Amino acid sequence: MTLALQILVTGLVTGLIYMMIALGVTLLFGIMRVVNFVHGELVMLAAFVVFAVNVQLGLPFWIALPAAMVMASVVAVGCQKLLFKPLNYEILNCFIVGIGASFAIKSASWAIFGPEPLAIPATIPGVVTFAGAFVAKQRLLAAGICIALTVALFLFLHFTRPGKAMRAVEQDHEAAILMGIVPENVYVIAFVISAALAAVGGAILGTLFGVDPEMGSDPLLKSFIIVQIGGMGSIAGTVLAGLFIGITDSITGTLFGGELAFIIDFAILMAILVVRPRGLFGYDV
Amino acid sequence: MTSRTGIVLGIVLLALLPVVIRDEYFLHVMVMIEINVVMAVSLWLLGITGLISFGQAGFMFIGAMTTALLMKLGGWSFWVSLPLSAIMAAVVSAPVGRLSLRVKGVYFFLITLAFGEVVRGVFAYFEHPFGGWYGIRDIPPPSPAAIFTGMGKMPFYYLGLMLMLVTCAVIYRISRSWFGSVLWNIRESDVLAGSIGVDVPGFKLVAFIGSAFFSGLAGSFYATYIGYISPLVFTFEYSTNTLIFVVVGGFANIGGPIVGAVLLTLVSEGFRSIGKYQSMAFGLILVASVLLMPTGLIGAAQGWRERSQRRRRAVVPAADRQG
Amino acid sequence: MPIPTARDTTRSISANIVSAGLPRRQLLGVSAVAVAALISQKPAWAADKTVVLGCSIPLSGPAAPTGITTQRTVEHALDLINQKGIQIGPDRYTIVAQFYDNKYVPAEAVTVVEKMLADGVKFIFSSGSGNSVPVVGKTTAAKVLQMSGASGKDHLTGPQFPYSFRVQPTNETAYALYPWLRSNYPDLKRVAHMNPSDEAGYTESEDRRMIATKNGFTNVANEYFKRGATDFYPVATRLTGVNAELIDFGGTIGRDQALAAKALRELGYKGKIMLGYSDAKSFVDIAGADAAEGTILFDTLAAPQNPAEKEFNDWWLGKYGPPMPSFAYTMYDWPFMLAEAMRKAQSVDPVAVSVALRELIFQGLFGEAKFGMKSVYGLESSITRDIPIAVIKGGVPVPLALVPWPKDV
Amino acid sequence: MALLEVTGLTRRFGGLVAVNDVSLTVETGEIHGLIGPNGAGKTTLFNVISGSLPASGGRVMFDGADVTGLPIHKLASRGMVRTFQHSQLFLNFSVYRNVLAGMHIHASSGFWAGLIDSRSTRQRNAALAERAHELVRFVGLGGLEDAVAGSLPHGHKRILQVAIGLGPQPKLLLMDEPVAGMNHADVDRMMQLVRTLPTARGTTVVLVEHNMKAVMNTCDRISVLQFGRKIAAGLPEEVAADQAVIDAYLGVFDDDVA
């Protein structure tokens, strides 16, 4: 029973973090059909900014975080204007350009930041115990931030003008243009939000798992899987799939060991796609 | 026909290359190019059907593993293992294709990616007979040993050259046959192709299997050439690299994947001496090439030629873009 | 062919009837240029008093920290060596290193080594067993001296590879560690093993379990995890369930060590943790001082103990700033050993140098170092030396012992 | 015997019933119109009949056989071909190649034969090429063989789509809004072409259309859908006089004549 609870708690928390990063991917995909491969690098760069501001400059985490969000947004919009827009957001070319940019950024980061893994100290150290299951307070904080931001994203999309414009573009591109919405502006907002989510993800990963140039690659791969299981472009699907993958990871990892978990994850992905080709909540692409 | 003369001349030059340049490293790079070309061209066969796979290394791995097991454990000859490996990759690809072709677009990207990782995971998990993370080492070279162990890389160069030429020739024939033209139609519009009686899932599946077949071939050759395979080799990055060859080269004709594989392998090799900046340079070149030539080198070359022809004729077709 | 005429348009397949010759011609032109480029890249031999040391190391990707640390260390060691030079007869030799990125991918590593062999490099350093094993056959055949910073046991070291040396004790550290543990921590009986799921991890796990059993320990668990996987909670949950008294992290390196230790402590694990190849400072930074407390660090130098270590430490901190990775110390000796062997052999012929290297007894950072382990691998090819051990106390690494290399191995 | 006989066809999307128990008979050689206000379920009915969507209930008999649930390409090889509301063309290919592609089912000389380029393949292909040219001329696109499909004016694109659909020599051509978005001249041209199909190509036609004038002038018989149900069927003048139909459209007639 304790084991089951431990598995659940572990899975929920990691699921929420994955979800956070995947939301940025799905947002962009929903709105402009672009799979942003640089997203993982935004996570990584944001973590380095948090490290620089928080550890090296000694300023509080709550100042470092917005700084990272701003920096990630600038890089993301830079990528949009310089890489994706010139390609008319054509999916395959954007994918490849993203891979190239990601290579270059990662490689440059190794050269700049050096070989040592760095760490951002926990904002609240310590462990919480309930009913025999353990969880670090920092993880609970991370989970809280993820939930808060997801709710904020939902409210933004449904109750603000730019949010509604984004949904309009997502649902019917042509109609949105007729309504006087300028897609390019909506894209910028989407990139900024997506980057901000990535930055928060990076800050959280940095405090939990340390900072290094490769830290964005694994979460990116994970978020691809989540986004696909949830259905490309579906926020609700991404939330559910994030939690789902978090918990399956936790179950397979705990019961069968890390190695097998890796195969099982992908097997689940394939199975879901065979049964529901567009994912849980996806629409035709 | 000048193009035919050009091809014959090219083949003759390639055949003479090791005689002119007796440099083992150069020959090794050429062998890697041959393998990359086979992979890129096999992926291109999917590309002309409008499909993009991120799991091509998975089929390569299956081919390589089949050869490794047959030759090392079974003591079989390479010449038997080679076709069997390609067939094994094709056999595995049939059910995989059946299932994965139910999804389209980005979903297909990712399901193939997942497949590649599952292949790696399975080979890594089962130490017997696949060798686990150790992989399989000391895979023997082809027979006769006198030629393949005693003469350096030259025999491998010729073997690879043969495989490359055969693969290119067959896939070129396919792309120019009626069958191939149907694949192009599917790439243009699979809905329309279906409405006029094309069994779209069937054609896609055949292209998928064919593509896996040639990837298996490349894997088999890789195994006997390098002599060592492991899950560290046939990674997602390897699949991605293959795709990059095709995209940078262009889809428009078979020259695309060939030029892409050759150029990028050489570029990457050329930057090797800059050590830690090699990956950075490769990434930047990739970005620049896609931005400057979104339809690939071949597309850019065609566009350039068309523009110059048009300028010569000074005829501008009145294209009506409504509807 | 029913496919229409050559007048068909843009992307149509027939367009290449006309163009088929072009890519081929382009291709040939380009390859000619590239060939020229490749050939012209042969290292500029600085007269006849230079020996080239080719290094195939990961400089990008997840394994990059090892490669970058190695490159910095080797550069410094060679600076020191070259200040004096290597006097062979009337000639004064210096060693020039070339660093190539093998990306920790075997095929890349093979290409790198092919390039070095073609360039006439006679001394090669290779990092990572997956990158070293596939090339050792080639270097042996070419009579090139290969030094590997890798596990890989008899796949790299043995009578069939007379010019291949392993310069870092990896799985072999267990030969020294477990007897030391038995006498210093007599209460510890139940050992759990945790390793990355790759060949280094497998090698470590195999040897450590075997050696632990020989020394009277009970192996209660053997876990593998995917390198670079961020969340250790699942693996840690498994490990906390087996009542282990000691968890041996084996081939786990870098960030993974800290994350695993942190997860284990957060999940309530109370026993001992033992790990190696680490940089103590970043381990404590990431794991947190509480989680790191009491961890035994093998083959880890907590702080410089002698002038040579001090000099190296100061140089590193001066040039790259903190932290100084402990891994660098373990990569420091071999360039000096190579130079010394050349001096002893009075030759830069790899075969002669190999013989001298095998006979060399070298005073390294951790005392006497020599190539040995004939009893295990059949040839003196794997480095043996004392193993420094540190322990984390109050958030900082403290030197604990210098465990002598067992006489019988 | 009727060429197409649809009985009790139903299609649901979740709770929504887009096509509700529709029965329909199309005789060989006729031009059958399918009309109804927006959202009446015409296109869905088309999609179900032509195999683009599975049916939730009911049966489709074509040419004496039950074809319910057959995939679209099997229906095409049995002689039932559909065209699409939005121009579906091989946009980057020439007009000639588009039409040639339409003859796919007559070209399948087998995979290997196609590869080897045998004499029989060549002969068959030569015959196909001849037929493709004939078809291009038949639909009135003669001289435009080498034009890129994507660069054609809208009206030509729709005509080209019909030509592609005629490639398999269908017994039945299902046309989804063939004159949508066309100007008067193009509408007349298209309708003239449609009227010749039964006699010149032996092709029966079912067409969904909003353009009432075109439908009334062209079709032999008309069925009317509303809210997924068939509310009337018969000769054009009968349908036009039907009170249910008038109620359904209520003034739409005038606006809709483009």
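Note that the chains are named A, B, C and D in the order they appear, and that numbering of residues resets to 1 at the start of each chain.
To be clear about the criterion, a contact is a pair of C-beta atoms (placed from the backbone, for glycine too) under 8 Å apart; a residue touches a chain by one contact, two chains touch by 3 or more.
Since the structure is predicted, the reported quantities are computational estimates derived from the model, not experimental observations.
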{"item": "Chain whose Cα centroid lies nearest the overall Cα centroid", "value": "B"}
{"item": "Chain of greatest Cα-centre distance to subunit D", "value": "C"}
{"item": "Interface ranked first by C-beta contact pairs", "value": "B-C"}
{"item": "Euclidean distance of C-alpha centroids - subunit B vs subunit C, Å", "value": "33"}
{"item": "Inter-centroid spacing, subunit D versus subunit C (mean Cα positions, whole Å)", "value": "69"}
{"item": "For subunit B, residues contacting two or more additional chains", "value": "124, 177-178, 181, 184, 276, 278-279"}
{"item": "Multi-chain contact sites of subunit D, meaning residues that touch two or more partners", "value": "92-93, 97, 107, 117, 125, 148"}
{"item": "Numbers and ranges of subunit A residues touching at least 2 other chains", "value": "106-107, 110, 259, 262"}
{"item": "Partner subunit A, residues of subunit C touching it in the complex", "value": "59-62, 64-69, 197, 223-226, 228-231, 233-235, 237-238, 241, 254-255, 258-259, 262, 266-268, 279, 282, 285-286, 288, 290, 320, 323, 325"}
{"item": "Subunit B partner contacts - residues on subunit C that touch it in the complex", "value": "1-3, 10-28, 30-31, 34-35, 37-39, 41, 59-61, 64, 67-68, 71, 98-101, 103-107, 110-112, 114-115, 117-119, 130, 133-134, 137, 155, 197-199, 201-202"}
{"item": "Subunit A to subunit B touching residues, read off their complex", "value": "29, 35, 83, 86-87, 90-93, 95-97, 99-108, 110-111, 221, 224-225, 228, 232, 259-260, 262-263, 266-267, 269-270, 273-274, 277-279, 282, 285"}
{"item": "Complex interface listing, subunit B residues touching subunit D", "value": "170, 173-174, 177-179, 181-182, 184-185, 188-189, 191-200, 206, 317, 319-323"}
{"item": "Residues of subunit B defined as touching subunit C within the complex", "value": "2-3, 5-7, 10, 13, 21, 23-26, 28-29, 32, 48, 124, 132-135, 137-138, 175-178, 180-181, 184, 222, 226-228, 230-233, 235, 237, 251-256, 258-259, 262-263, 266, 269-270, 272-273, 275-276, 278-279, 298-299, 301-302, 305-306"}
